[in-house]
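Each of the next two complexes has chain A plus one more chain, namely chain B in the first and chain C in the second.
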Partner chain A sequence: MSRPNVVARHLVFTFLACVLCVAACEREARRYKELPAAANRETGVRVTALQPGTAQQVAEVDSPYQQNAWGLGEGKRLYSAYNCAGCHGLNGGGAIGPPLMDDKWIYGAKSDQIYATISQGRPDGMPSFGGHIPTSQIWQLVGYVQAMSGQVEATTAPSRNDDQMSALPESRQSRQSPIQTGHR
Partner chain B sequence: MSWTAVCIIPVVIRIRSLPTGALPIFITLGLVSACTGKNDGLSAIASARPLHGSFSTADPVELQRDDGQWIMPAKNYSSTRFSGLGEINTGNVRQLGVSWTFSTGMVAGHEAAPLVVGNTMFLVTPFPNIVYAFDLSKPGAPMRWQYDPKPIGASKGIACCDLVNRGAAYANGSIFFNTLDGRTIALDAETGQPKWITQLTDVNKGESITMAPLVVKGKVLVGNSGGEFGVRGWLTALDADSGRIAWRGYSTGPDKDVLIGPNFKPHYEMDRGKDLGISSWPAEAWRTGGGSVWGWISYDSDLNLIYYGTANPGPWNPDQRPGDNKWTAGAFARVPETGEARWFYQMNPHDLFDHDGVNEFVLADVTINGQSRKVAMHPDRNGLLYVIDRSSGEVLSAAPFGFVNSNRGIDMKTGRLIAVDEKKPTQGVVTRDICPSAPGMKDWQPSSFSPRTGLLYIPHQNLCEDLEPTPASYIAGTPYVGASVIYKAGPGGNRGVLTAWNPSEAKAAWEIKEPFPVWSGTLATAGDVVFYGTMDGWFKAVNAKTGDLLWQFKCGSGIVGQPVTYRGPDGRQYVAVLSGVGGWAGAMVSADLDPRDATAGNGWGGVLGDLKKVTTRGGMLYVFALGGSK
Partner chain C sequence: MSHLQSILHPAGIEAARISQLWWTMFWICTAVWIAVAVAALIAIRRGHRAAAVHVPDRTIVRNVATAAAISIVALIALLSQSVLIGRALNTLRSDDALRINVTANQWWWDIQYDNPVPSLRVTTANEIHIPVGKPVAFNLFSNDVIHSLWIPNLQGKIDLVPGRRNELWLQADKAGVYRGQCAEYCGLQHAKMALVVVADPPDQFEYWLAANRASAPAPVTPEQQRGKDIVEKGPCAMCHAITGTLAGGRSAPDLTHIASRSTLGAAAIPNMHGYLAGWVSDPQGIKPGNRMPPPGLSGEELQAVLAYLETLK
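Now for the complex of A and B:
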């Protein structure tokens, strides 16, 4: 075993450790403060794929909590606390409102589309939460809603209910391919 | 045909400009007859019924006795859903065939009963609650008019259990109905034009209306829905002529709001005391305590009392509301003119299981221990069939009409339900195999009673549940439930039953097991036939004495409606029912819920996922007659 080889190994190990650390840092981060207002892109959100003429591209904004276990866990807690569960089912099977665990989306499955739906409400019964809860909590809910249909990494998604298990945990939900059907 | 069309158009315009009553009908018929010279359909009207009979102004107390018509969802004030018509009977019912149909074009659950007044049928659909009138005197029953109340879409977000409407009511030339967004509307039965519209609820408080109104002594009785939204329940009386509120009796709060006064004489000690609607709750909890009034009202014109039940207390989580939670999950007897309460009996003090008391009270004279008694029969969510002396509120018997393990009946001395300790739910703990489940042994779907057989025909469920109460936060306009529930089939595996109950002997005469919950109403006739529908779409006729299946027809969608029967202008007997699966149970299909979450639809995901494999949504009215559309 030559010395340069050992150095190379150390370098590789250090690099991998850093990568893991960075990833883990994001996964484990705690953000208690409000996110910058710029994160709220609801005004630029389109809820349909159809545009007249050449489609204009708008930069999509992901939930800052999409890869953050704490944020998704907070989203799961808020999903019950704000009574989302009462309408959409404890695990997103739907009730008064549509299911959130399957692949059918009325107003779009992208992060900023879900943000807009929660914030603005929708005329068929979805209440408008904008201005009633902090924007950071809406983003946490967005991340959790995506976790319900397997849209986030299994290592980051919540893995258990504190209450009666009524479905597979979010971390084991099969990843759905969202389709914007526009109806149910 | 062209002559008819030319002549009818000016007549229709004219009729809208005329005052209501029999005169315009007379003029219409006269003009049309003069134009066409000969018209079989119209001459049939004239021969079958007097013109004044078209929209009778008779006292509903009299009109409800006419078996040719069906002027309120329960047929009559006693809520028997029994018709004296016997042309269709056990011997010939297998010759029933489709006479005509009508597509509502709607996909929510169709729970309403069609009404027949004179020669016109009236129908109210699920949200958006469009009312249709059909001319029964013409082939195919063409539409006479339609009225769209345009309820706001936001109200769809506060309808706990699908976007249903349970029907309209007729009195004195008007059709009265409620909209999901909380309005009561009186329409001129002749023209479909609104006479008045009264907004009764606030969507932002989670209040909606799904029940069918009942018109008693010139008062339109209407209750709110929203027991899963922390509303404060009430029954309101509107003046039938003006739409103005005459009185409102709340189900929680101080006695003056509940309309409890010196004449309030409950039979049992547990229901006596001052301001129990406050003191049987934690501080201020009565303000969001539920007890909505979304079910059925009966009326005894001799005793001059109305009877109805109050819904579950909110939230479902019982640990958040220690106390008896008056006046929820119980039965009220009130005076229709003033709303004054006469007696109250609480079937489920401190309700543990979402066991609303709103199921029907069927009024009849029944022989109990050799004596004829004036009773109200009430099949409750908790699984007990209550036979109550309707003058005093005394319970004469309370026997289980299915498998019950969460109570041991009632203490006949105190009237109080005897709860089974090991099935009492506790916050944070999953209690398994509670029978019956939250929808109860029986939900809203109304029974019928045949005086010929003395049997009550109860459509119901056979379900149990696993339940964990969870903390509920009250946020106005959002669900206030606090429970994780998963339903499962009860003993035997059949999720539905039609039970024929003998109230004199307090036991079942026969029962029919059904694979799915029987979520439709039943109809009993003097032909000794009982009609009901199944969630997978079968409309069935069975022998009222034996339960033997006599006839069945597969409808386009599951049936959760209320069958009715009437005599057409041609003198034949017809049977009508809406198909269109939905309602709380059927929302698995109508709202396209995902059964991979067992709590979907608030507990149905675990037990009714297979309904999606056997039926689809979509409303259709079916009208049957012997020999079909001959």
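Now for the complex of A and C:
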């Protein structure tokens, strides 16, 4: 093999390593100061798939913390701190509130639909957190709620707890295909 | 020079014992060092001349035996002093001692003065008042990771371990303000996890305790009232508690008497108007990574909240 070829290979390798590092930055970034916008379709978000006539498609808005391990970890901490666990169960197994680790979604599994559910509240018990907690924390909770049923990358989702766990860590949850069930 | 945080200026019987051990070790080690240095200097001065001098075997044996004996005596002195003081530490006991629950969190201290009568309990944060001349017991807990409580002027350090209660006894013999610190690496803001310990004369301590049992005073001016509304309806109440108001969060420092405390952010900054404004508007700028998110208040809302918080004496 000729020498320039080796140099080119090294250059390509270095470039790829840099690209990988940059990709990893998003996962590790700790975005303490930001206050992201509320889900921009919050008021117009659809919580059902049924539409009259031809279905209108609107661009989905993902949680800004979907690729961010710190944000999902914060979501996990807040899930206990704001007592989501009180109704939905510590690992999302459900109790007085519906389970979050299964494939059934009453008001939709998309990021902005979950955002709207947390922010607006839902009938029969789900409190409305909008205005009570910062938008950044709602988005972190959205990311964590998705992690509970394996909807985010396993490399980003929280892994095992410091203390004993009765369930599999979020990073090892099998990915559920969401089913829209609606309110019954 | 202030001795807020110094083991060399003990203000209580336990710290005095530790300090005594330290000085014993210091002087014995100094003596050893001087002896070794002198011996080395003599050897250097003699140089090659020494090789020519014949030293009888008996002298060598005698010198080595003397040095070994002195070393053994010094080591035993150090060891026995260390064992005796180690055993004497944390043996203060008293049946009617004041008991204070200290719960470490990332990165602040939750302080509760226990009482069988719930209305007589006092909850505060990052500032402990104790009476001078009485043994005080700390019940130590942790909510997340292992921390360690160290108030050098008063006592040695002891860990706060999740799922476990540790006990630390101390007694302040001199009134004053001391500083304690987390002494076990506990995460990003470990360095800014400190606390203030105020040793008051007993009557002054009782006065402080009574004042802190009271609920928060009602707001007087319209601006203070607006501040209270924002605190109760906005993000603050989700984590902070203010007794006597609708704010009942339990995952952040209790704010009922925040204006009477001398520091903010677990002794990260002094509690003054400008610092408080900075903390409320940009906590992540002062202590990055701490659990308080930027609350996103407008300028007018911030001023109202500050006006209200400063009434919470």
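Brief remarks on what is shown
To be clear about the criterion, the second predicted complex is superposed on the first by the 172 of 184 C-alpha atoms of A that agree within 3 Å, B and C clash if a C-alpha of one lies under 4 Å from a C-alpha of the other, contacts with A are read in each partner's own complex, and residues count from 1 in each chain.
Methods note: contacts are C-beta pairs under 8 Å (C-beta built on N, C-alpha and C of every residue); 3 or more make two chains touch, one makes a residue touch a chain.
This is a predicted model, so every value here is computed, not measured.
Touch criterion met: A:Asn91 reaches chain B, while chain C stays clear of it.
In the superposition on chain A, contact of A:Asp124 is made with chain B only, not with chain C. When the shared chain is aligned, chain C comes close enough to touch A:Gln137, but chain B does not. In the superposition on chain A, A:Ala167 makes contact with chain B only, not with chain C.
Using the contact criterion defined above for the overlaid structures, shared-chain residue A:Arg30 touches chain C, although it does not reach chain B. When the two structures are aligned on the shared chain, A:Tyr82 is found in touch with chain B and with chain C. Applying the stated touch rule to the two superposed structures, the overlap between the chain B and chain C interfaces on chain A comprises residues 81-82, 163. Of all the residues in chain C, the ones that touch chain A in their complex are 144-145, 162-163, 233-235, 237-239, 251, 282, 284-285, 288-289, 293-296. Residues 153-160, 228, 428, 430, 466, 468, 470, 472-473, 475, 477-481, 484, 486, 587, 591-602, 605-606 of chain B are the ones that touch chain A when the two sit in their complex.
Chain contact summary for the complex, chain A toward chain B: residues 80-83, 85-87, 89-99, 101-102, 104, 123-127, 163-164, 166-168, 184. Remark: chain A residues 30, 32-33, 35, 81-82, 131-137, 162-163 touch chain C in the complex.
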